[in-house]
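Got a structure here, written out as structure tokens. Questions coming.
Chain nomenclature is as follows: A, B and C, assigned in order of appearance, with residue numbering initiated at 1 for each chain independently.
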Amino acid sequence: MTGSHRVSKQTVFTLGELAALLDVELRGDPSIEVDGLATLKSAGAGKVSFLSNSRYVSQLVDTQASAVILEEAFADNCAATKLISKSPYVTYAKASQLFAPSPAINPGVHPTASIDPSATIEGDVSIGAFVTIAADAHIAKGCVISEGCSIGARSSLGENCRLFANVSIYHDVCIGDRAVLHSSVVIGADGFGFAFDGRQSIKIAQLGGVQIASDVEIGAGSTIDRGALDDTIIGQGVKIDNHVQIAHNCIVGEHSIICGCSAIAGSTTIGRYCTIGGGVGIIGHLTIADKVMISAMSLVSQSIGEAGIYSSGTGLLESKEWKRNIVRFRQLDDMAKRLRELEKLTLGKL
Amino acid sequence: MTGSHRVSKQTVFTLGELAALLDVELRGDPSIEVDGLATLKSAGAGKVSFLSNSRYVSQLVDTQASAVILEEAFADNCAATKLISKSPYVTYAKASQLFAPSPAINPGVHPTASIDPSATIEGDVSIGAFVTIAADAHIAKGCVISEGCSIGARSSLGENCRLFANVSIYHDVCIGDRAVLHSSVVIGADGFGFAFDGRQSIKIAQLGGVQIASDVEIGAGSTIDRGALDDTIIGQGVKIDNHVQIAHNCIVGEHSIICGCSAIAGSTTIGRYCTIGGGVGIIGHLTIADKVMISAMSLVSQSIGEAGIYSSGTGLLESKEWKRNIVRFRQLDDMAKRLRELEKLTLGKL
Amino acid sequence: MTGSHRVSKQTVFTLGELAALLDVELRGDPSIEVDGLATLKSAGAGKVSFLSNSRYVSQLVDTQASAVILEEAFADNCAATKLISKSPYVTYAKASQLFAPSPAINPGVHPTASIDPSATIEGDVSIGAFVTIAADAHIAKGCVISEGCSIGARSSLGENCRLFANVSIYHDVCIGDRAVLHSSVVIGADGFGFAFDGRQSIKIAQLGGVQIASDVEIGAGSTIDRGALDDTIIGQGVKIDNHVQIAHNCIVGEHSIICGCSAIAGSTTIGRYCTIGGGVGIIGHLTIADKVMISAMSLVSQSIGEAGIYSSGTGLLESKEWKRNIVRFRQLDDMAKRLRELEKLTLGKL
């Protein structure tokens, strides 16, 4: 039964309702109605905006927004109605969820879905067209699995997970509650393990699984491989952007953030509350401490024992200038030795 | 109704017909028949070749091609029949389209496709097996949607779009005419936005959509995220290679080219006619001028105000040599200071 | 007919059986039963472990494993029963295959699969739900094609290939025996070829195909484009990790290894037995010799004529220190000239 189609409709709140829901102080008319969010610059009447970066403080004067979420300190700069928050960005995040259109979800199991009789599926789920669920899989209540997804044998989804179209989950993958997996995500493919016998590469069967804790979001096209012997582990609250690769037996600590196109090689452990920038590479068998930040496109080739910000690369130059300097980079060791030599000569004569 | 299967067959032209279709001057026998394209080196009788790079001019003497597309200036070097073009590479591109096998397309809507009754589908389309089209979606005439694709609610495809297998398009994505989307492309997944409340990351609902203008091609596995508040925008004629990531609220100007595995972080604006090399990273909230070229694997961390070629990185070295220099890179600031000191001492004594 | 579901069950061997199957010498009781593999540290009774890295030799004393695969030289350090191997890592790889759970495969063709009548399918295959096989495709015996895969017209799979869910293979792709293709792999999408006519990019139809030899494994989300005129070619035994991009007309030599997130631009030839690290970029039209190793995230912008190890990049620094040095990188050419000047002055006075 596909059931009826829930049409998404515009959400409207009075500012009084909104202030209560967001638990912030309203300074202005509580009866004004608002129906969405917008930037300070583009907001018109009926929209709520926010100031989370002081760079945009000058836009407070001219904004056409019906209300602005901002810190007490900037209240005087703002002509519009104010929603005073200690963390305007967090308040904006919460407001965005209130205004998000209720997704057009077809409740029940689509008649085309191919579900093994041994799979167990709890109530209140939405399972889309052309979904495959293999033997002994378990889908907890409230899950929404969009069309074309594949759930392997003995894998399980916790409550209220959301899988967008064409997600592939292999066997023996265990996912917690409220996971969000975007399209083309692949969880549990074989880790990349081969033993070279002098002539060819012998495949190392990947006997482990993948464990993903609750409140994890994984962006479109990202891949998390199964473990070689033990499991690959993603901690609670971890947020992973698009095109991220996490290799076999990695452990990613709770609440860490991994930006798009980053890759973590096998058996590396990332701490808690880390921020891995976009396009970062981290080689295998390393340990990264808690609260480490890695800037975009850095290569991490050694373990990092202390919280801090780390970077690599040369920075961008106009190509002509870059070519001149790059030649010198190749002479750098030679330059250093010649400098030392000159120092000896010059300082020796003083 | 799946209808009959159109078999692809070899296309044959006389050189006279080909010259007319390509709008170039033929020097030789117009009755010679040709049935395909090949490189100067591998072409045999019945094939057309081309010279677009003067590096290969010496191959003109020995080529077995029945005809060669080339500039007037090289005509004397070529023994074969000539097709004289001011832009041989463009003429080759046009010829390649003439010789491309007519795709084996099953007209009509495959009986397994799952199409919401509120979706509107114009004539002359081909919708493959296991395609899902959600509520209020619109598919214009001439579109070919291959098996396993998913089109979200309220999304629309312009005329003559081509979606290969397993493309995922979320809701509220608007795509212009003649788009080509390769397999595993994902358009409209949530932008990567979270507000950290000191304890965990709060999801920022992504309320914008994606707008893609006409004549855009997007390579296999590439992802374009939906906007946070406003839409993510891809301009007309933009060509995007495989594994490219375009984050929320980016704007990519008309006719720009983005090579494989590049990533553009959120809210960055790329100008028109830019060429972004492979593996490039561009951080968020930047503005890149028109006609900027970025060389492969560069990191762009500041806005670029002027057309030009830009690069970063150290260039490749043998690892032993690289290690010696890399140590000095870490001493570079120290070296610069010591050099300044020596200059003072030495020049002071002159 | 989907047939009966084969349940995976734990494999048990006596050490005597295992030693015979692995062709290694057993030192200990051949009647002990083992049912799996584990690391030296985590292994309990009933598990077999291995020592392939002398760094872990100290763990031999305390391991609870029932048996350890190791070299003769370390036999005396090991209290447990020993399986003596000249190549413990290769022996471990072979053992891992013995203990791999027999996959839960549904034999036959799933009733929902959409198979063109002109496609030929040999015996003993498993074709999953929602698979599409186009006209004149050929599937050899023993292939397992999981749900949601798409096989294009005239494409062929050799014997005993394994395609996981949601793989997309375009037309005219030829794959050898025993290939393993993980989820979201795309083979045969158009190469990225356009000719710029001064105003817009004209598509170059990609008329070649893809040839993949036997014993190739391709990781989740990786893409191999079809050739422009000739085919893209992947040699025997090549192993490709996740998120790898191989552009049109590349040739990858036999038994080379390409780690995750690497990209090879068009018309580049990689030799045999090469190891391309993770996140590497190789620009187009290059030739890389046999047995070349490229370290992670290097950019290869010139051909490499000799076997060896090659690297690029600056190494990782704490950001504060990195910023100081990066400024000097931009002054490097100037520093080199000033150093030369000082040398002239100083050495001239000696």
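Quick note on the criterion: a residue touches a chain if its C-beta (ideal position, glycine included) is under 8 Å from a C-beta of that chain, and two chains touch if they have at least 3 such contacts.
Predicted model only: the values in this text are computed from it and were never measured.
S.K.: What chains do subunit A and subunit B have as common neighbours?
M.R.: Chains in contact with subunit A as well as subunit B: C.
S.K.: Tell me whether subunit A and subunit C, two copies of the same sequence, contact each other through the same residue numbers or different ones, using over half shared as the line for same.
M.R.: Both copies touch with mostly different residues.
S.K.: Take the average of all CA coordinates in subunit A, do the same for subunit C, and state the distance between these two points in whole angstrom.
M.R.: Inter-chain centre distance comes to 25 Å.
S.K.: On subunit C, where are the residues touching two or more other chains?
M.R.: Counting only residues that touch two or more other chains, subunit C contributes 112, 130, 148, 166, 184, 221, 243, 261, 313-315, 317, 329, 332, 335, 339, 342, 346.
S.K.: What part of subunit C is in contact with subunit A in the complex they form?
M.R.: 5, 7-8, 36-39, 42, 87, 89-90, 92-94, 96-97, 99-101, 103-104, 110, 112, 128-130, 146-148, 164-166, 180, 182-184, 215, 217, 219-221, 237, 239, 241-243, 255, 257, 259-261, 278-279, 296-297, 313-320, 322-323, 326, 329-330, 332-333, 335-336, 339, 342-343, 346-347, 350
S.K.: Okay, in this complex, where on subunit A does subunit C touch?
M.R.: 112, 114, 116, 118, 130, 132, 134-135, 148, 150, 153, 166, 168, 170-171, 184, 186, 189-190, 192-197, 199-207, 221, 223, 225, 228-230, 243, 245, 247, 261, 263, 265, 281, 283, 294-295, 298-302, 308-315, 317, 321, 324-325, 327-329, 331-332, 335, 338-339, 342, 345-346
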